[in-house]
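In what follows, chain A forms one complex with chain B and a second complex with chain C.
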Partner chain A sequence: MNSYYLINLLIYAAVDAMACLGLSQQFGVAGVTNFGFIIFQAAGGYTAAILALPSDSANGGFQSYIGGWDLPFPIPWIGAAVVGGLIALPFTFLVGRRLRGDFAAVGLLVTAVLLNLLVTNYRPVLNGDAGLSLIPQPLLREGSRQSAGYEWLFTVGALVVCAAVYLFVRRITESPYGRSLRAMRDNDIVADSLGKNLLSLRTAMLVTGGAIAGLSGGILVSYITTWSPAAWGYAETVVLFAAVIIGGAGNHRGAILGAILVPVGFEEITRYIPTSNNLPPNLIPSLQWVAIGLLIVVFLWFRPQGVLPERKRVIRASLLGPPASLAPAAPGGTDPASPAAAGTAVAGAAPLAPVPAASAVPRPAAPRPAETAPRGGEVVLQAADVVREFGGLRAVAGVSLSVRRGTLTGLIGPNGAGKSTLLAMLAGTLPVSSGRISYQGQDVTSLPAYRRARLGLIRTFQLASEFKKLTVMENLLSSVPGNRGDSLRGAAAGPRYWRGDENAAIVGATALLERFGLEAHANSYAGDLSGGQRRMVEIMRALMAKPRVLLLDEPMAGVHPSLARKIGGELVALAAGGLTVLMVEHELAIMDEFCDPVVAMAEGAVLAQGTMAELRRRSDVVEAYLVG
Partner chain B sequence: MTIFLASVGFGLVTASVLAIAAVGFTLQFGVTDVLNLAYGAVMIAGAYLAYLLNSHGVNIWIAMIVAVVVCSAGSVLLNAGVYSPFQRRGTAPITMVIVSLGMTLIIEFGVQAAAGGTSVSYTMSQGPSVRADGFTLTAVQFAVIGLSLVVMAGTHVLLRYTRLGKAMRATAANRNLARNCGIRTGRVITATWAITGALCGLAGVVFAMDAGSFGATSTDLFLVLILAATFLGGPGQAYGAMLGAVIIGLATEVSAAYITPDYKYVIAFVALLVMLGVRPTGLLGKAVG
Partner chain C sequence: MLAERTSRGVPLRATGVTAGYGGDPVIRNITVHADPGEVVSLVGANGSGKSTFLKSLVGVVRVSTGTVVVGETDMTRKAPEEVARAGVGYVPQVDDVFAPLTVRENLEMGGYLLPSRQVRTRIDEVTAVFPRLGAMLSRAAGKLSGGERKMLAMGRVLMLQPSAFLLDEPTANLAPAIARTLLEEHVRSLAGSGASVLVVEQRARAVLAISDRTYVLAGGEVRMQGTPAELAASPAFVESFLGGTVTR
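For the complex of A and B:
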């Protein structure tokens, strides 16, 4: 085989694989659909070019461009990666929580189309339509490529960089941080409610992916020594998407396979189509595009998981030794007084009897004040005249509510009373239209949901909200706060940096799973469980987040009555340890047995508050709810 | 002043083309919940069909009607064969957008393969022109504006006064509720694809008539204008799209007269990004939060 041909093939494969890895990290792992991905590769290409080129007058003056710094290798490649990452920053406003993912994607696509148009039409900066050429190759003074040895060296360099990128994205993806990214991909609003800062996660992914794309552009440009707008039309992004989808989104090896099959493979196949003079000149390239479109649609229909699907992360807790012996070593190791830690202690002591729990809890829980005071400790969560309007509808019309520490407060009311909306506002999932919410004496009205979650205010959702493509174990681990590996920097530092935190969290999660009888499903995808089991996963996941106040939206719906009673018992035990619970539930037997006080809502307002027995005596409550 | 009036004239023509396209696009999205980025590709398919018929001696207005019918049927098939099966399977909206990008490639480059890959020029008699102090419009341009006004009036009548229009609005507002109220949402959605597909085909033909020459990928940039008009008015809002089309049409052409035509799309682009970032529900929509 011609060695020039092989070199060409390998370098293109390395560059395309790098780009696909960046895209796979953004799209497959983090669920950030960046239809403007090619912009970042283009930026890297131009950066490498203007850093490496001599000033434009020195270069014959036939092309005009800024820069022309004539800088030596490896500065152009480094610059390409840095600029690729930096230009991601202006796009972050598109990927916050407020904008629908498909709208943000359209914004990025349109940006790619427009930037290409601008660069094409504006000559002074990057030589417009004609693009830049005669870009010096690394370590070569004259533009001529003579020795085969140099070409091989270049090839090896490109492959090494590609391998480094692969190891980097794998390290990120397989860390607790990567788990947070995948949680966000599966359900961003739930991830937000568990303390994940979506904007920061998505920004980090745009920047990392952008830097990888930029680097790939820089390497490509210093090999082909030319770069022009024709090389980075928006449709090139679609080719990369096709590669990642076909290879397997979320599987980095799949991304490499996709890069080899689609962008590289297509170029190669068309070389072998016999050229005939009878064919119109553009027929083959046109059909190539048609084929890529077909591949995308056909794969998304028949094999949406790709050739190499995302693999399941199986966690064998047994490798860590018997959980009972390790249980007292508080999971996370940051806050031994937290209820989740207390929970593990309960597991060790007496799983079925809630009563001894209080004694097993290390928290210096204040003894209950005198009998005259309202049940529970001080007020931890308070809503003052909270209103939420949807269009003209006042779903919650001025609710004031106080929740005291250590209580299991129930919230009942007919459908449409505004219970879930109130819960969402308390947790920060929905902003209030007016009114104030304070938590532990702090005004949290304008605090986003993830910040409230980090303060220990955790909610569950009425509708199924498990992270479907995470295992049950991963669902539980995803909410544990304070894991050292749950940041980009921590993830980059490698498993040794966070292994301790991770193991402690696994021990805690295993104990919890055993308590709720789901240990057999630890390594099943949460999306494959029954409705009742998924409810349990959500409750356990909320407990793993070390809540101080737990907002539960119909936690027992679809759960077997005996299990529901068990959950209730656990909650009572945790409440005795200082956890506060506000629970929406339609099952009044649960309210009777576990909740005191109970708040009754109707038509967006609080109707009454008291024990369930008291509420049953109130004719207005009975009329609004118990009968109707 | 002369330049200004001339650019306003062009702006009105662009706005007319854009209004037809954007109303179709926004209704399609609002009712069917598919953000169909292949809309521009279907436009080009319609334009190319009309061109082909016209170049074989068929009267341009008859060719236009054929293109409208074919695009309407094609859109219904596109939904029945591709989008609807994906939607029934519960495919995420973002994946639907990727599917529509795949369809864009298939249709656009299918047209290019059929057309032989060269951009075709639509030379037709522009008819007598009307001039007034720099404000110059040809008969064809007047026809485009007239067509657009008829389409807008027709859309208004459809949405306000017909059962189908009311059913479309109900389906757009809440599909499940509409179905529970006895509206056959499946039929409404098919009808919507037929109507918006017809608008798409019509927009494609007048786009080509206005542009003079076009290639298979000519609507890539025009799609930016459509999206800008749609998001200015609020996605799914037919009246908003009309307003957005007038604003974007005039803004691009007037700015083209004063800056340079190469950058006339930038204004649309900035408008779109600002709307996406600040007020994704549109000028006429409700504020978020």
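For the complex of A and C:
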């Protein structure tokens, strides 16, 4: 093999690997399907070109372009990265909160096609379809001959930049911030409800991915010294997606492998397909696209996780030492050492205590709901005449409700009464049609869900909402507020900056897992658990968020009765420590034993409020709910 | 009502079933049978393998050893649609409805094996069982409340009048009144019409009241089995399952 060919392959590999790393970060880690990825690489290429080129009257003025600043290396490369990142900003509205998933992907694809047509057909700015050429190479004066030594130096430079990009995306992905990105990928509505700012996360991913793509374009342009619209057709994005999917989405080494296999290796191999003058000239290149399409289909069919699948992040809490010797574990100050009776909740096993295991926080002396007066502190969460309409249907038709601090307030009612809708409005997952919601004396009606969550108003969901491709431990860690590594800057600062926060969170999560008997599953994917265990993960994750008010939507559905009682006991202990709980639940035994007051809803309105015993005496409640 | 039209039932026999998701088996050597006219319940802690067992019966989870026989036909390792065509109706615990489709479309989907003129009458019969569904036939299933969604999942399976019925926590999101009605009237009457019914439930007391036999699963194996009366005589069972925590 001659060395020019090898150099060529290596530089293309470095450039494609960089682009794939950017895409892997966006698509594989954060779940942002950017079908317009190639325009960021194109922007970087053009930027590097017009920064390095002399003014367009030079070289006989055969091409016309803006810029032409004749700036020295490394300014063109830096400019390429900066512009690649900056032009991502206008796209954030596409992938923000309003337009997500497939719609955003189609929007980006269309934008890529339009921009390519625009640049192709409008000559003054970037020389139209002829493109830019004679782009100066870094550190080379005009006219000087390229030596093999220079080429090798360029290659090493490109590989070093590629390695730096790899280390950067790995650092981001393996940080608490990366975990938030993966949580958003798995279920963005739930991530929102736990205090993740989706708009900010997606913007950051578009900008960093765009900068990486721009840099790769800049390096490519400085090597091939030419750049034209034909080099960045929308189909190039498909090739990069193919590389990421085949290499393994969510695994950055997979992205590099994919870059070597697909855009470099595969395209090189198809170059050796024999051709002849009898064939139409575009046949072989077109067949290349068909072959890449087939390759994607084959992989999605037989190995959808790619050659190098996303690896599981196993966290060994035992490496941190015994939990007892470390910081206070769980929210609300319950005893991390209480025995994990839940793990033995199988038939024929040791008898379970009827009352939950001892807690550090003493329970109120006489928790017989029927006999106690309405208890609790000041009103912490209040709904005033809240209405929610779906089309013509009034799911919630004017509900006013006050929840007092330190209470376990129950919410019952027949199916379709509007309980879940009310909960969603209280948490901010759904906007109200009319009415006001106040929390801790503040009007939060217009506050988005993630900001309410950051104020300590945390909800759970009726349907399974675990982050499936995060382990149980990661699910719990994902909701911990205030981790220094849970921001782009903190993540970039490296593990040493956030390791302390992370370890404290792991200790807390481990204690909670032990208390609910799920420690054996800490490193299982949450999506692999049984239905009831997933409910447990969700409740524990909500507790890890250090809530002040917890909104639970049927937390006990599908949970074994003895375990349900244990959860109830934990909640009572946490309430004694100041936590407030509003809980929708159909398990009346739970309501009887733990909840006071209980609110009964029917047909979108509050029917009655009182202790469960009082409600049982109300004929309208009995009619609507207790007998069918 | 729906029971009257179920003409025949077939026995369901799982013998020595071991199954899992690729790694270690989740359930081991489970032998369970349900005869026509019987309600057989499965109870056990979270993660004991109840749902996995039901999935292995309908071909969603691959059986590694053991056999599944429906009526006279060996259904071991058959694809889910073949099991459905053999007359086995299965209501999963989650992902149980087609969210973007309307209630009516969901029911039509459930009855797609029926001749088209029967579909309409059958929808009327099913909505007579769940009147709430009848009132919201044109609403998207994704906009139903949790309990309504469960009713729709049940209703969709009822469309085919299955001769064997597998229910995975049918009452999990249901209000007490409808949960009891569902178990005591509908599930019981399915069996009364000759279908064999296998039901997984956490509301142990409620399901025991309608069961002919009950199996207790723990750690992926059958630990106890017997009639409700026999189990009620076992102190360990009473302690774990009937400790005053079930509905009413």
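Operating definition for what follows: the second predicted complex is superposed on the first by the 576 of 628 C-alpha atoms of A that agree within 3 Å, B and C clash if a C-alpha of one lies under 4 Å from a C-alpha of the other, contacts with A are read in each partner's own complex, and residues count from 1 in each chain.
FYI, a contact is a pair of C-beta atoms (placed from the backbone, for glycine too) under 8 Å apart; a residue touches a chain by one contact, two chains touch by 3 or more.
Since the structure is predicted, the reported quantities are computational estimates derived from the model, not experimental observations.
*Asks:* Put chain B and chain C onto chain A via the superposition and say whether they clash or fit.
*Replies:* clash
*Asks:* Could you tell me if A:Pro431 is touching chain B, chain C, both of them or neither one (first, second, both, neither)?
*Replies:* In the superposition, A:Pro431 contacts chain B only.
*Asks:* Considering only touches as defined above, state whether A:Gly416 meets chain B (first), chain C (second), both or neither.
*Replies:* It touches chain C, and chain B stays clear.
*Asks:* Per the contact definition in the header, classify A:Leu118: touching chain B only (first), chain C only (second), both, or neither.
*Replies:* After superposition on chain A, A:Leu118 lies in contact with chain B alone.
*Asks:* Figure out whether A:Gly254 sits in contact with chain B (first) or chain C (second), or with both, or with neither.
*Replies:* neither
*Asks:* For A:Gly178 in the superposed arrangement: first (chain B), second (chain C), both or neither?
*Replies:* The answer is neither, since A:Gly178 touches no partner chain.
*Asks:* Should A:Ala105 be classified as contacting the first partner (chain B), the second (chain C), both, or neither?
*Replies:* A:Ala105 sits against chain B, while chain C stays out of touch.
*Asks:* Considering only the touch criterion stated at the top, classify A:Gly217 as touching first (chain B), second (chain C), both, or neither.
*Replies:* In the superposed model, A:Gly217 contacts neither chain B nor chain C.
*Asks:* In the complex formed with chain A, which residues of chain B make contact?
*Replies:* 35, 37, 82, 85-86, 91, 93-99, 101-106, 108-110, 112-113, 116-118, 216, 220-221, 224, 227, 231, 235, 262-263, 265-266, 269, 272-273, 276-277, 280, 286, 288-289
*Asks:* Any idea which chain A residues touch chain B in the complex?
*Replies:* Going by the criterion above, the answer is residues 31, 33, 35, 93-94, 98-107, 109-111, 113-114, 117-118, 121-122, 234-235, 238, 241-242, 245, 280-283, 285-290, 292-297, 300-301, 304, 391, 431.
*Asks:* Could you please specify the touching residues of chain C with respect to chain A in the complex?
*Replies:* 21, 43-52, 93-94, 132, 139, 143-148, 150-151, 169, 172-181, 202-204, 216-219, 223-224, 236-237, 239-241, 243-248
*Asks:* If we count contacts the way the header does, which residues on chain A are in touch with chain C in the complex?
*Replies:* 345-349, 351-352, 354, 390, 393, 412-421, 462-464, 521, 528-533, 535-536, 553-554, 557-565, 586-590, 625-628
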